[in-house]
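Order as written gives the chain letters A, B, C and D; numbering starts at 1 within each chain.
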Amino acid sequence: MREIINMIVVLSLICAASGTLLVNLKQATKARIEQQVLLNVQGPTLMAVLKGCDNDPIADRKKVGDVTLFPARKDGKLSGVALEAFAAGYSGDIGVIVGFDVNEDKLIGIGVTTQTETPGVGTRIMQQGFLKQFRGHSLDGLDLSSRGGDIDSVSGATYSSTGAVDAVRKALETYRRIKPQIATLWAS
Amino acid sequence: MVASSILVLFLLGLTAAAILAVASRLLHVAEDPRVARVEACLPGANCGGCGYPGCSAAAAAVVDGTAPAEVCIVGNIETSQRIAAIMGAEVHFKEPRVATNICSGGDRANLIFDYKGVEDCRAEALLYGGEKSCGIGCIGLGTCVKVCPFNALRLSEAGVPVVDWNACRSCGKCAEACPTGAIRISSVTSVLLHLNQTDDCLAPCMQKCPAQINVRRYIQQIKQKDLRGALLTIKEHNPLPLIAGRICPAPCENICRRKIVDEGVAIHTLQRFVADWEMQSGIRVPLYCNPPSGHKVAIIGGGPTGLSCAYFLRRVGHEPTIFERREHIGGMMRGVIPEYRLPKKVVDWEVQTILNLGVETRTGVAFGRDVTLKDLEREGFEAVLIATGAWKVPPLGIENDDAEGVVDAISFLERFGREGPDMSGVRVVVVGGSNTAIDVARSARRQNALVTVLVPAIQRKMTANKDEVERALEIGADLRFLTAPLALHVENGAVSGVTYCDLAYDDPGKAAGEPKPVSGTKAFIEADLVVAASDRVVDHSLFTDADGNPLFKRDKKTGGVSANPTTLQTDIPNVFVGGEVHTGRNILIQAVADGRRAARAIHFHVTRGAVPEPDNQQVQVIPETILKNMHVTYTIPRVQVPLTPLEERRISFKEEVACSISYDVARKEASRCLRCGLTCYDADAGAEYTQDDDVRPIDRPGSE
Amino acid sequence: MEYLMLFISAIFINNIVLVQYLGTCPFMGTSKSTDVAIGMGAAVIFVMLMAVAFTWPLQHYVLTPYGIGYLQTIVFILVIASLVQFVELFLKKVIPPLHASLGLFLPLITTNCAVMGVAIMVQRGEYPFFKALLFSLATGLGFLIALVIISSIRERLDISPVPAVFRGIPVALITAGVMSLVFLAFQGMAA
Amino acid sequence: MPSVIKEFTKGLWDELPPFRVVLGLCPTLAVTSTAENGLGMGAAVLFVLTLSNAIISALRKIIPGKVRIACFIVIAASLVVAVELLMQAYTYSLYQRLGIFVPLIVVNCIILGRAEAFASRNGVIPSIADGLGMGLGFTMSLTFLGALRETLGNGTVFGIPVPWEAFRPAHLMVMAPGAFICLGLILAGMNAFNRHMSRRKGEIPTEPKNAACASCAACNLCATARKEN
């Protein structure tokens, strides 16, 4: 019996000790990791979407509620914002970053951040042929042609296309909802 | 997050440890703790050699009592001892075994086709038994090497497996995998008691030798300067190399393949050389013997058969006792065969070597007179070997053959066969053509007698060794070939002369069959002493029970005691018979061979209760091994054995006629050996002596 | 259809050993004979299913809700290790014949990265529970198939004229390379 | 002190993983598509191995035998999580490229193998030396393999193009088949080298003993291997 208790105590204590250690490490690295994740996961797509800005959108990011907004500035003036939204694709969520032109109220463009679509089929939503349809699109009437909009889905990847468009539409709604606050966010 | 992290991990560790702890309690399988301890003793190779599916299964079997402590065939005695200690059992002796490759031919064998296929001997063997013409040889693709779980095998340059005997654990996987049987598991017992089989790799000499000595191997060992190894090789099958090397007529040399090219290898000279090397060194090479098994065997007769049988029984682990009628062990070898052929000190050395192994002797005890089969049984002997020899010389069977001055050869040799009274002027007539007759003639002549021998055959057909006949002629014995005595003349009750007639063969050219007297021929020779030496036969009067009835059947052909020819078992199951008492008058090496054959039978009789017939026993020379043509590159003259000068021989008994040869000469002679296999041989034998003047390449007809 | 595709993809297109390099150690170590390979493969399938069945709920009901996903590695490996040890004890007591045939391989599996890999992959792929089980079954099957194929080839290689320096592991690795090349062809199936 | 040096150097050649002692094949094959990945993976293993060896040898007297493996695993896993966090914080792109193989360091047989075979039986200093040596050897091997594959498959080393215009890289080498084939060739090369060396020393060249056993993931758990040691 003593042996059993010894067994249990040692293993539990080692577990607890490692938990303590790790949680502190996690706390210490938390901020850095978050930034690294943004930089590496959203970063490349974000920079592609907000092409031509002369600030660092990640460093200047701000949060409204639970939405993270990335500003783009040109010549010191806020020209656009980008935000990420998710929707279910063929398998798993599709993450899309949508850039909005704050001055003209239209889309700058979109980029796919995360997806787990079938390689070679669903992944074609990441190709320019599909993505360029969003460039400069107005805020209204953005939907798949099958649903009365003007976005053509990728042939054979209807689910993936739908997911991407859904995500963009979600981002659109968010943008509309928080648009009033945007101007004041980077007022300085 | 801090609290939850620590808590979750803590709880997880707690649960895992708790579940495992509880599970190990609840789900504990009651296992005999000894199983684990026994298994820890086993090597853990899971080779399956023991017949159980793995070491843990074997351990379980040991613990539940179905397997003995020495279950593991790959473990050594220590393994068994440790297991026995755990089990509280006694450990029995387990004979060490080892894998041995019998094929030495390798890539010199003739190919019947070129094999290019799966690299596996078993696969190649499916195609006409492999690419090599020899059906029993090593195929050489190393399947045995691949299956060996102990890395104990590798392929030599010649493409035959070499066993690392330190690593080999005798699991038997290689032997099981070998399709030709070239690799086998052998032990001391199996090597010592193995009888030639038709599927062994037998050179002609090894087939012809009654003792089945591994001639090829010991000659190679001499060549490789391993005299100790050579001696041990000889002693695998012949415990009397000193003696056989001196008096064996060497049937092996007659069938030697080198005879096709030049002259046969001097096999028995080399044997004597090796044996002399040991004796002259003064230190006996230790011979491995199994520890005593507790089986007691009585051996009646201390001649070559009895000694040989005792030697083999002792080495495989039994406890023989020799009962000898006379005061000395050695039989005819000591006291009958004259000193100049076989010195007494040589015989004594050889006998002592055997007795040193732990053979008991009781001298002065005659079978039938002092001890009977019943007595022996009562004393706890489980088997008896009768090896009393053939000592009775039949009377001449002519007129006056019991007169004074007529003696039999054995009595003569016993009485006069040593340096004795001067016999100057004594006229001796010897009747017979055997070695005994020649011994008598030579002994008498050396004592200055005038010797005439009436030989009932031509010189070529005499049963005596050719060399010995030469020696007799050299010292001036008068050999009258193709003659037979008709009557003895007696004066004053003592013999005064012999009348004899000529004999002739039916076909003088072939000289086959018994020669018949030629009518009308008659001659007379004066004689003071007539020695009957025509034959020696078995004295059956020894073998009677209390009521005077014969114990054994008599073999009509040989005149000896009848027995199963392979097992030498008589009609009484625990009584075996061997040597001249079974075969009638014969050569020494046959007696040695019989001793070994009897030892094999007795070993099986005492350990298993029955004697198995050997498989594929080689009885006759295997026809395919007798080659017609050979392509040998070099011819090397056969060694000439130095002889004691004639002058010394005339006057003395002491000097051995044939002397020893030197080490270098012996090695050169050994290099003449073609290392024959069943059909293959070394065509380039002796290539290392090409610098010598007397070594010449043989011109091969048609080679230019 | 979706499940069928997932199934085939996990077995062939994304074969765990030959395409994803997971579990190569036992793939080399236990592929000397087909019997051993089948035993190992079966044991891996079994443990993979069990591992996913245990780790999935843990991830979804403990780690994610409490926001301690970063502890995934330590939690999963602890669960798998304890599970394997428990299963061994359990089989030994309750189903000895099964223990006799699989027991030898169970301890080997604790350190089999294929099992741990699958447990993590179903989380990264965010599969629902049933799909995760199916995925792990298919992955295990893929492992079994690859193992059986290479063990059959290696049994033949043993008796083939292989240059001495390539004997054993090197030639097995090159064989695996060629097999991997073959499995790459399945990727064309999905396109 | 010399023994500590010996423990350190044996991992660099005599027991060099994974070429001499075939251990830890998964990361060896999976992450060596470039030299940089190989180096990164090697460094991560070096870190975990050295620390886990140190901790385990320090705790070896406290850990009860029955939960030995579980304890080793927890310690190794904690270190792996720490490495994961650190990599995310400082070399995120490398972390992304190594992907699932970072958490899988915990089941790398080198870690548990050394824990069981060395750290649980030796003091802290030798254990650290052992871990450092083995880890460095592993790092070197992985970097070498990565450089080789990157050269053959991509025409670059650490991202720098090879200065040979006519060279046409075979993309296959950075894919799964290339990994297997490259490692196979390297092992064969090691065998050839060993045979050459032993022949020069006049020994009989032997087959690498138990090569298959050494490659198995679980020497520490395997009954056969334990008996052979």
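To be clear about the criterion, a contact is a pair of C-beta atoms (placed from the backbone, for glycine too) under 8 Å apart; a residue touches a chain by one contact, two chains touch by 3 or more.
For clarity, every value in this text was computed on a predicted model and none was experimentally measured.
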Open item on the list: So using the touch definition from the top, which pair is joined by more C-beta contacts, A-B or A-C?
Closed with: A-B
TODO: Would you mind checking which chain's C-alpha centre is most distant from the centre of chain C?
DONE: B
Task: Between chain B and chain A, distance of the C-alpha-averaged centres to the nearest whole Å - done: 94
- [ ] List the centre-to-centre spacing of chain A and chain C in whole Å, with centres computed as mean CA coordinates.
- [x] 34
Task: Distance between chain centroids, defined by C-alpha means - chain A, chain D (Å) - done: 37
Task: chain B and chain C: spacing of chain centres that average the CA atoms, whole Å - done: 62
Task: chain D, residues touching no fewer than two other chains - done: 66-67, 70, 74, 77-78, 81, 85, 207
Task: Touching two or more other chains - residues of chain B - done: 1, 5, 8-9, 12-13, 16-17, 20-21, 24
Open item on the list: Can you list every residue of chain C that touches 2 or more other chains, as numbers and ranges?
Closed with: 70-71, 74, 78, 81-82, 85
Open item on the list: Help me check something: in the complex, which residues belonging to chain D touch chain A?
Closed with: 59, 62-64, 66-67, 70-71, 74-75, 77-78, 81-82, 85-86, 88-90, 92-93, 96
Open item on the list: Which stretch or stretches of chain A touch chain C in the complex?
Closed with: 15, 18-19, 22, 26, 91-93, 116, 118-121
Open item on the list: Going by the contact rule set out above, which residues of chain D touch chain B in the complex?
Closed with: 66-67, 70, 74, 204, 206-207, 209, 223-224, 227
Task: chain C contact footprint on chain B (complex, rising order) - done: 1, 4-5, 8-9, 12-13, 16, 19-20, 23-24, 26-29, 118-120, 123, 143, 146
Open item on the list: Show me the residue ranges of chain B that touch chain A in the complex, using the header's touch definition.
Closed with: 1-2, 5-10, 12-14, 16-18, 20-21, 25
